[in-house]
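Each in structure tokens, the structures are laid out below.
Okay, so chain A shows up in both of these, paired with chain B first and chain C after.
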Partner chain A sequence: MLSGNNDEEQDIMFFHRVDSDEIIYQTEKKSCKIIGKYVMGDLLGEGSYGKVKEMLDSETLCRRAVKILKKRKLRRIPNGEQNVQREIQLLKTLRHKNVIELVDVMYNPEKEKMYLVMEYCVGVLQDMLESTSNKKFPNWQAHWYFIQLMEGLQYLHSSGIIHKDIKPGNLLITLDDTLKISDLGVAEALDRFAPDDTCYTSQGSPAFQPPEIANGMEKFSGFKVDIWSSGVTLYNLVTGKYPFEGETIFKLFECIGQGDVVIPEELEDQLIDLLKGMLHKDPEFRIPLENIIRHPWVIRKPPKTLERVPIPPLRGDELHTMTVLPYLYDYHYGDQSSSTQYISERQLNEENKISMQEACTNNKGSSSKKTCKSDGRQTSCLNIRKLATCHPS
Partner chain B sequence: MEKVTYNTNSDDYQICSLFAQSLTEVAVVYIARHIPSNTLVAYKKYDLDKMSAEDAELVQDEVILMRQLNHSAILPLLSSFVADHKVVCILPLMGYGSAADVMLRHFPTGLPEAAIATIMKAVLQALVYLHAKGIIHRAVRGSHTLISAEGNVVLSGLRYACPVISAGKWQRKMHSYPASIMAPNVNWLSPELLKQNLEGYDERSDIYSVGITACELANGIAPYQGVSKTLMLIEKVQGILRPLMDSSTYIPRVPIEGENGADMCQDDDDYSSIIANRTFSNAFHNVTELCLETQDHLRPVAKDLLTHAFFKNAAPPAALPRLLYPAMPILQDNLPDNQEDLESMMVCEKLYSLAIDPVSWDF
Partner chain C sequence: MAKGKAGQSWLKGVRVCSIHPLSQECDSEKMPLFGKSQKSPAEVVKALKEAVNALERGDKKIEKAQDDVSKNLVLIKNMLYGTSDSEPQTDIIVAQLAQELYNSNLLLLLIQNLNRIDFEGKKDVAQVFNNILRRQIGTRSPTVEYICTKPEILFTLMNGYEHQEIALNCGTMLRECARYEALAKIMLHSDDFFNFFRYVEVSTFDIASDAFSTFKELLTRHKMLCAEFLELNYDKVFSHYQRLLNSENYVTRRQSLKLLGELLLDRHNFTVMTRYISNPDNLKLMMNMLKEKSRNIQFEAFHVFKVFESRQACGFPH
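What follows is the complex of A and B.
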């Protein structure tokens, strides 16, 4: 219910922001861009390395996502270029339903851009959590994602790969609700002849680091690092909180270093037992993967009690319609006036993006205030929106 | 023929003749004699070395799926085994080949309406069976509709099918996109499947493909031939249809999309005059429109479609050979004499490159 209200607020918010002058301005800008056999679509997300956009394979018509990496930006990130190289090399060898697939790699030497074409995903676990009022999933949904995370992790570990950065922000969801482990930028591939899984470095996200790393141990078990961060992830999925917090990274690491986890008592006993096992301070005693997949909480399918947390809409579009379509209308129909209605949708999308970004920075209170303003405009824009939602069918 | 067991010993099959090459060129179909029973079978050989890992998996899935199916309108798998480095599937010999094949060879402007009714009816019966089992075919097309010498129609191409049951549950809507690097069936796919959004698709996606197949067989041309894939996508998404072409839909002097240059003109004129002088029944037009409904929730399911007037009067399968005349089926006594082709094929196989005329026929 609450999330539904949120959507409405955001929708109304962007209605109020639509300016007719801008519609014309935007239509001029939007023309079809083709890279290799792929048609470029809209922005899906942005990271420190660059943008992630939607793409369409013009031969198979399969939706794809593309990570666009700019050499200029990569140089500014510590180990940026090596991390990308490593990610490409790792992903090329991997093939599992719960690990993101790298479909294609393209390089534009003039623009110094690299395009990593990946499987298309509609959402990130992190965004799904944030779209809810209490920042957590119902138990059955958390279970559904967790078992997939474990399957993917088991595959990675059996391939001698330590992910080192398991967190809801790196877990993607496809159209059919399959979880994909992504972002192998800081992952480590063990040497084929390495005697064990000893690692020496870690560049993962601080809140998901285990005590042995927080305490600055020189070497540690790589597999157990992933177990810990998966434990923090599970904790986060079912409680909406983090087991360790700290205002600064030092305070956080101090807190993790002590390793005293408080697990909310209202959770099911089996779940508490699993979390305790995964968040055991001593990696020696931390539950290994093969025991997790046999744990009572994991093998038992929890009853479907609460409503499913849906994938949050992209710029107001709950269906996550192909964003390449408007570009294709432009490409195939050109300047014909009949395409105006689609252009307005594109324009609306742009507007909505801006308003969504603002919605992130503003709190709910200020956004609900905005909805009271300018009634006349809302209706005029409502028409455009109607057309826009009609057009796919 | 029913009682014979087809064993998995490749020595028991003697290859007699080359039958067809699969669309995606990963498989070759031969006519072979099963020596113990002295019957003719289709001997389909997949060259795994020429396939991507994904496509090889599709073949594996197809074999597993076909073994679980048993319906008179679905191509049965008689046997399958590995011979040398190839996967071999033994299938019943479908004397006429595919409906698309018959069309291309003998009916370049389209099959007779009566024949299409019989073919579509069988395809819909196969779909009723598949859908009840929770399988969406996803590759209904003329070349996957095979016709036996007796006129029985079976559906093939189960390589692209997907199960509705996943994670132990009957999923209301599907979201998976057919995984094939070649994507050979994309022109037959429904708008909701192509859209790949959270709405997903269900078994009615196959009904759309039936509609496209009806147009394909009636018009005599593959759907969206010469049209770019992306244009096809936006046309389907908007509900712009390319209809059955007859006197009711014929618009004089408007060239067909995809025409290129003067050499096409003569053919185009002949084709146009045939279109202008033929009229499909209202029932045929209506059933095709029902199948090609853009909004999937308004599209009928296979079971309901079979009650349509168009199929009430459909000729029985036994009448198909007459309707398809002058096309003749392959039988024991008229094996195509292409020994030279066959031999060169065998040599070529070793040389790893073949340059024979690819026949648009795919199991």
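What follows is the complex of A and C.
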């Protein structure tokens, strides 16, 4: 890299320069990676702990998602390892259609990586909200997700588990529009013989914390914490806003601590009533879960008035097609002769130009917009980022 | 003057509207192709009721009656679900249909005569019943309210498990009913509920497992209701339950043990759990289960056993 090739020019040209024209790209090979009985696919998302990738169970052909946890990264997160341990322990025993299922846990001691194989989900509620212009769902869609959230929460509570971190960012959606409660990293399991649901600690997200925690109460009812944060979540789904805001965490907690919620009046009366019940300052008077389930707004079936908010596409793919397939294809049919292809930047630019022109003419001719995406060769503009190695010529 | 004229023409408009349904009927006579779908809910329900009555009487024209029943059931089903090339009917038509079904008491009649209806017809009855049951007006579920006033419907359905040929159809309808707290309550608190302890053990595997899933739904769906029921009827329920746990049938034994674990570990059933584990006989039973050959039974027994164990741990001061 740092080789100066001309002795006279060494002081001027310390770095070897390569013209961009001379750069040659090599298309990334989709080489199949198999861990245990699972075939690895593309990246689905990334968090502070590591990556989430798609997987295929080679025995049952079930689509799965895998959370890859790196020990190195976990150490940097406060309580990281402890939280993961707790999540695994809790998820193992749980089984409900609205709670994410942990299918398998694998550990690779050499790489210090942990693989948590889970049910496959296509999106996070938070991302869906952010993909819309006003950051909210139509009423009926919010209702649809909310009743599922309550079902899942009822199951968790009846198993003696307090989630403590209910928020749109922790609610996943599957391809068939089922909501799954996920991330039990900060959840607490009550002792089986504990007389009530008293808790002493909470590590959830600040904006979703109830007044009793914001005010620093020593102990509080755990179930009511989840009710409050579900209330904030519902508020967020139907209005696109948060009931409490603050520039700093201190101001936010001060605001929550006062506990005065302003609920927009344009909402339906029943919904306002429910939100008021769930966001009651005093946990004693906050509406309990069994009454939420019987609340008129929950029982009622709202009319589908507005268009559904779709799940945001993954890298341009609205259908969320299985990403494992190209790897499998390569594994079984990938030919040896032309497996590596070199392309220079100039070629790439020209190809792009041509495909752009084609796309334009196509658009004029047939007015079908979808064709322009899949035009051109395999190395169209979408793939540049993926080109792994570059050889200076 | 002008005002009067306008008023008159408006009146005329109304009159045209009022004879509209009649003119539709005329149309349907003219065009036999579309005739069937234009039949009004009242007519279909009436025709179906007559056919079912004929079937019940068991006249010599039984085959014709059976045909009529199936035909009219398909008509009703299509009103509710639509077909491949027609949409379901509008809410008004469906509301009329539901009203007719309530008034004519046809739902009960259909269920009582379910074994006389042909195979496809049985499935149609279940589909129609479930659809009508799910119907909502605002926060109200009119069919649920209706069935509350006619609990015979539920009891007849529960009795359906006695008859092989209709057991599974009744099962799908029962589970749909069990989703509603009011209906689940009626079923739980009826004497017929204890028949389930027999149904889940019948020799036909598919019926036994269907009955078990209904049984489980009733005992787990509505947490507060179930907890209350189990507390009130503790002795009766668990003496019956004991028999399931000691059943000859492996599947029954395993399934009931699993359900027992779920019931005891549910926080809603806290009092029931403390009561259950305070009885040393139950501990003995679980320890014997741990010795069973089947791994699955051992595993499920362990789930229950650990409740006893953690209680022990709590009992001793550290």
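FYI, the second predicted complex is superposed on the first by the 307 of 393 C-alpha atoms of A that agree within 3 Å, B and C clash if a C-alpha of one lies under 4 Å from a C-alpha of the other, contacts with A are read in each partner's own complex, and residues count from 1 in each chain.
Criterion: a residue touches a chain if its C-beta (ideal position, glycine included) is under 8 Å from a C-beta of that chain, and two chains touch if they have at least 3 such contacts.
It should be emphasised that the depicted structure is a prediction, and the values quoted were computed from it without experimental measurement.
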item: Joint occupancy of chain A by chain B and chain C, clash or fit; value: clash
item: Which superposed partner A:190 touches (first chain B, second chain C, both, neither); value: second
item: Partner chain(s) touched by A:322 [first = chain B, second = chain C, both, neither]; value: first
item: First, second, both or neither for A:331, with chain B first and chain C second; value: first
item: Partner chain in contact with A:175 - chain B first, chain C second, else both or neither; value: first
item: Which of chain B and chain C A:157 touches, first, second, both or neither; value: second
item: Which superposed partner A:296 touches (first chain B, second chain C, both, neither); value: second
item: Chain B versus chain C as contact partner of A:56, first or second or both or neither; value: first
item: Touched chain A residues, chain B compared with chain C; value: B
item: Overlap of the chain B and chain C footprints on chain A, listed as residue numbers; value: none
item: For the chain C and chain A complex, residues of the former touching the latter; value: 136, 138-139, 181, 223-224, 265-268, 307, 310-311, 314
item: Sites on chain B touched by chain A in the complex; value: 53, 166-167, 171, 174-177, 180-183, 186, 191, 194-200, 228-231, 233-234, 237-239, 294-295
item: Chain A to chain C touching residues, read off their complex; value: 154, 157-160, 190, 192-193, 290, 294, 296, 299-301
item: Residue ranges of chain A in contact with chain B within the complex; value: 39, 56, 58-63, 95, 120, 122, 144, 174-177, 311, 318-322, 325, 328-329, 331-332, 391-393
